[in-house]
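Questions regarding the structure given below will be posed in turn.
Order of writing sets the labels: A, B, C and D. Residues in every chain begin at 1.
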Amino acid sequence: MNKSSVSAAVIGASGYTGQEMARLLASHPGFRLSHATSESRAGQSLAGNGLRYTRAAEVPLAEVDVVFTCLPAGESAEWALAARSAGARVIDLSPDLRDGRGGAVYGLPELWRSEIGSAELVANPGCYPTGILLSLVPLARSGLLDRSRTVMVDAASGVTGAGRHARTDLLYGEVAEDYRAYGVGNTHRHVPEIRTGLERGSGGAIPFVFTPHLLPVRRGILETMYVPVAEGIAAAEVKEAWRAAYAAETFVRLLPEGLPSLRDVVYGNEVALGAADVQDVDAPLVLVVAAFDNLLKGAAGQALQNANLMFGFEETDGLWPL
Amino acid sequence: MNKSSVSAAVIGASGYTGQEMARLLASHPGFRLSHATSESRAGQSLAGNGLRYTRAAEVPLAEVDVVFTCLPAGESAEWALAARSAGARVIDLSPDLRDGRGGAVYGLPELWRSEIGSAELVANPGCYPTGILLSLVPLARSGLLDRSRTVMVDAASGVTGAGRHARTDLLYGEVAEDYRAYGVGNTHRHVPEIRTGLERGSGGAIPFVFTPHLLPVRRGILETMYVPVAEGIAAAEVKEAWRAAYAAETFVRLLPEGLPSLRDVVYGNEVALGAADVQDVDAPLVLVVAAFDNLLKGAAGQALQNANLMFGFEETDGLWPL
Amino acid sequence: MNKSSVSAAVIGASGYTGQEMARLLASHPGFRLSHATSESRAGQSLAGNGLRYTRAAEVPLAEVDVVFTCLPAGESAEWALAARSAGARVIDLSPDLRDGRGGAVYGLPELWRSEIGSAELVANPGCYPTGILLSLVPLARSGLLDRSRTVMVDAASGVTGAGRHARTDLLYGEVAEDYRAYGVGNTHRHVPEIRTGLERGSGGAIPFVFTPHLLPVRRGILETMYVPVAEGIAAAEVKEAWRAAYAAETFVRLLPEGLPSLRDVVYGNEVALGAADVQDVDAPLVLVVAAFDNLLKGAAGQALQNANLMFGFEETDGLWPL
Amino acid sequence: MNKSSVSAAVIGASGYTGQEMARLLASHPGFRLSHATSESRAGQSLAGNGLRYTRAAEVPLAEVDVVFTCLPAGESAEWALAARSAGARVIDLSPDLRDGRGGAVYGLPELWRSEIGSAELVANPGCYPTGILLSLVPLARSGLLDRSRTVMVDAASGVTGAGRHARTDLLYGEVAEDYRAYGVGNTHRHVPEIRTGLERGSGGAIPFVFTPHLLPVRRGILETMYVPVAEGIAAAEVKEAWRAAYAAETFVRLLPEGLPSLRDVVYGNEVALGAADVQDVDAPLVLVVAAFDNLLKGAAGQALQNANLMFGFEETDGLWPL
């Protein structure tokens, strides 16, 4: 297959994730955005290129090389599986297939790259899990993390993470100047994905509490993690474990000092990781902060990483620099 | 009638205007908030007092002294007129009756106070017209304004002015970091109200162009007006005309120097007015800026001023200071 | 002393806390704002009343009944002690005297009201400590809290908490669309105050980790606390302990369900408390969230509560409703 | 000269404009960012590449091919002229040389491209003038604009336009939820640049009033212009005149319908232009709106366009798509 002729369709291209996916594909050196769907905008032009939105049912799935499904949870699997049946390779950005249904491979390249290249169907990771797994798995693998105590994950996300839905609780008049927790008590739908990922990545259970908050910003996730560590372990060892794990990675930025903020990462595909010591605690603890763009490394950017691996492009094509 | 027993109902109390109306009434020394309606929240408690939302149909209109109708345009008149028929005195905060339909009195106290005290049905002014009329009418009345040229009114409003509706274009993710014009070319629904008010207030037509913009703030309206004036007239004369007109007014703040900003006025019931000279123009022009809180002086605060006048309270009761 | 003649001076009235203090005093039924100081604005008018800023050195401390010192940390104690020496009763809103220096009484009315009424010198609590102490002390006193494990306090504050200083890191261009941790690892200057307060309030040490974050909002603090509890204890018992402790309190709002957000509390003097259960944890844990306005209950509002107690006013005078 | 070896220095690389300039150069296919200066950050690393900030005095100006001076007004000319004397080609992004001092060529490619390629010293246009000149010059050249009446330009800019200076009036706590006019009455320092540009571009004076406002957004300028036109001229003719003038331009986006908003343009180098008719006016008028990113087309992006022209690169290199 001639690389420059790899056609790509985005099913659900008018949401925040789908828009970002279409934008990335439109300027990729190898993929060619052939279809972008939106039921509500069918017939309208996409900003910045000659394409028009079509209805999903109009996409000739059998003629497209790769399909990115960006529909809401519960609606996406159907299209992903239909596209797969039609012969396309598929990356589903919804949560629908992250439990491995349909034989989907979990597409977190920095942890499980080898499985992705030959995959026909990839479940793109959730935004919150991406930061948590990249932070904690190397610490657990290297034995720094004390599994007998609970990791507290206090997370905050910009509103594009909630999608582009007409909900009164997402209005500017409600979100601006506000900050609130939601989906607390380990009830958020990402909790099973986090649990499975931690267990699979580290070979055993890691107890955690996950508390997401809604931030009055458009983009970005910041996760503050209170990580119980083994006796004698401090932030320096945490950073060293990350360095060992991620030495060859383009999209993991390790801060030698300090902690990352949203401003350091939005509009790029990197996850930034920092660690700090905590004084005056009885049991050893390291504070870990992960920051990344929820629409890029937390969604469309990571999906493009996966697609690059699947089609033999450089993993950074279309993503570095952004 | 014992003043402390004046019962007040708010029809449509879960929108931004209705919430503010209910909040003001709940802490007013003379009115007693007896009913607050919301079809979607019926049965739920209002924050900050013992009341629960009811459905509008459950309000015994004949037993309420004053009814504030805060429904969307097109839905409000029906309830306002029904309440009037049932014997209540009514203030309608929607645009429905501002053309005088049903015998409604236009409730802008600083310009037409004498008509309000005995009114049974008051049409509360629109937010944008309030600032424009208070700025321009005294200038036209005193002959400073040159009616042969056009006033340009460039206005910007916070998003609560658009109501609490589940619209994707009002999501935080759309409004934050954005700024846009809308309803341009004298097509905004406030244009006829502005035109009528200017003509009635000044005894003749004043040509104008009105361009509203949507600001990424929650509250506040700022109107920048390019006012053609007679030969020899400058900002000093404009301020003097305002001083003469508004010497006795609590809710008009005249800036001796400089121009007002949103921060000067939000969370209060004042409109602040400032004027500045413009150099290097062929025809004399004064720059006028009006700023006020769209939910208070632009809606619920002004409605309470009107209600105070109608029921013999001090006009500032429950409004000063805020 | 005639209550209506209680004169009050604000030293440092141009910062965010000092402005709020002056604003509250100006509309208080019993205090009379006699002096408001600002070195940089001396001679200028305060918005909303006839007063002009003076220099601090011009305040006749011996003639003022109560002095509120609102200067930055390190500069405030000197003025507070000078005012005390001159015979005024003093409330210091800086951190300078919170260790009890100069005989200062710690002014957190809901926990230590009895000490405040007769105090001559009050150290007003820090913003972050206010929410943490009000949340945790009743739980520790009633034995619900498991002191053998560590409480994680993940806190977020609006930018007015950082003061009105010309710092590039507080510019709109830096803070908007950002979110970041700061003062991590139990190094924040409020940590000793929190530790002392918890120990004094509950009769023993409570281990904790405190992580503040800077929110892109103007006002408000939200503190998410991961509270280890005794076996068999859940959110219901936590709420019951709060109800028992705060039944008579005006400024503590207990949520029967759900968790508070900033929007629920800003521009008021209440702290709102909520609790939630956490599923799938090895050791029992309750999630606690406290929310309040950093400039009111976290600073000037609480200072006015203290002043009301000191001068025999109703504790809610000038504060309820806001 | 080998294109890939064109070395570029940014003098003043820690302000908002300088940062953007350095970021663009770092990913340009032909330029090589060799020096980035900051007096306050000397020795620190630039995010995203291996370079460290140096002091301006340490830059070997004679060895650099092109120097971008991004210092504040009044400080920049000195460095620009020094770099020129040392033999470098220079683009000054400050207002210092926009009056043509030092033989500087005014670098607005869409209007005066032919002068730029061979220029040794380019004065990069101001942000506000860029949108105004691109909007109005084609209308005046084609005779649509009525020079006997005044154009009102009501403009709004994000805060990065004010630079990264430690000023209390630019703090998040001051700017958020605010909106205000500044530099009104044709006193803004861009007024002479606008006047000169209009006159030079259209062969005669165009009277105008310019009123800038400060928006609570990080990036973006929106200019709403009330344009007096000749009898019989409407928005359609305005758009046609632009189409004729800008048919070959990559960085001018003409909206066939509607008006542009900030969200359409930020993070890109395009200026978007829209026009609308106005009903009920005595003298013919067309409403024109221009929107663009103040840091890109309004500063660093346009500077890179100029540099591309000066060194024989494609004008869009490093800028399209962004």
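Everything below uses one rule, namely that contacts are C-beta pairs under 8 Å (C-beta built on N, C-alpha and C of every residue); 3 or more make two chains touch, one makes a residue touch a chain.
Since the structure is predicted, the reported quantities are computational estimates derived from the model, not experimental observations.
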Selected pair, greater C-beta contact count between B-C and A-B: A-B
Self-contact between copies chain C and chain D, residue sets same or different by half: same
Farthest chain relative to chain A (centres taken as mean CA coordinates): B
Mean-CA-position distance for chain D and chain B (Å): 39
Distance between the centres, which are taken as Cα means, of chain B and chain A, whole angstrom: 46
Whole-Å gap separating chain B and chain C, where each centre is the average of the chain's CA atoms: 36
Touching two or more other chains - residues of chain D: 174, 176-177, 216-218
Footprint of chain C on chain A - complex, ascending: 150, 152, 154, 156, 158, 174, 176-181, 184-187, 191, 207, 209, 211, 213, 215-220, 222, 224, 226, 259-263, 266, 276-283, 285, 287, 289
List of chain B residues in touch with chain A within their complex: 16, 159-160, 164-168, 170-177, 216-218
In the complex with chain B, residue positions of chain C that touch it: 26-27, 47-48, 176-177, 264, 267, 321
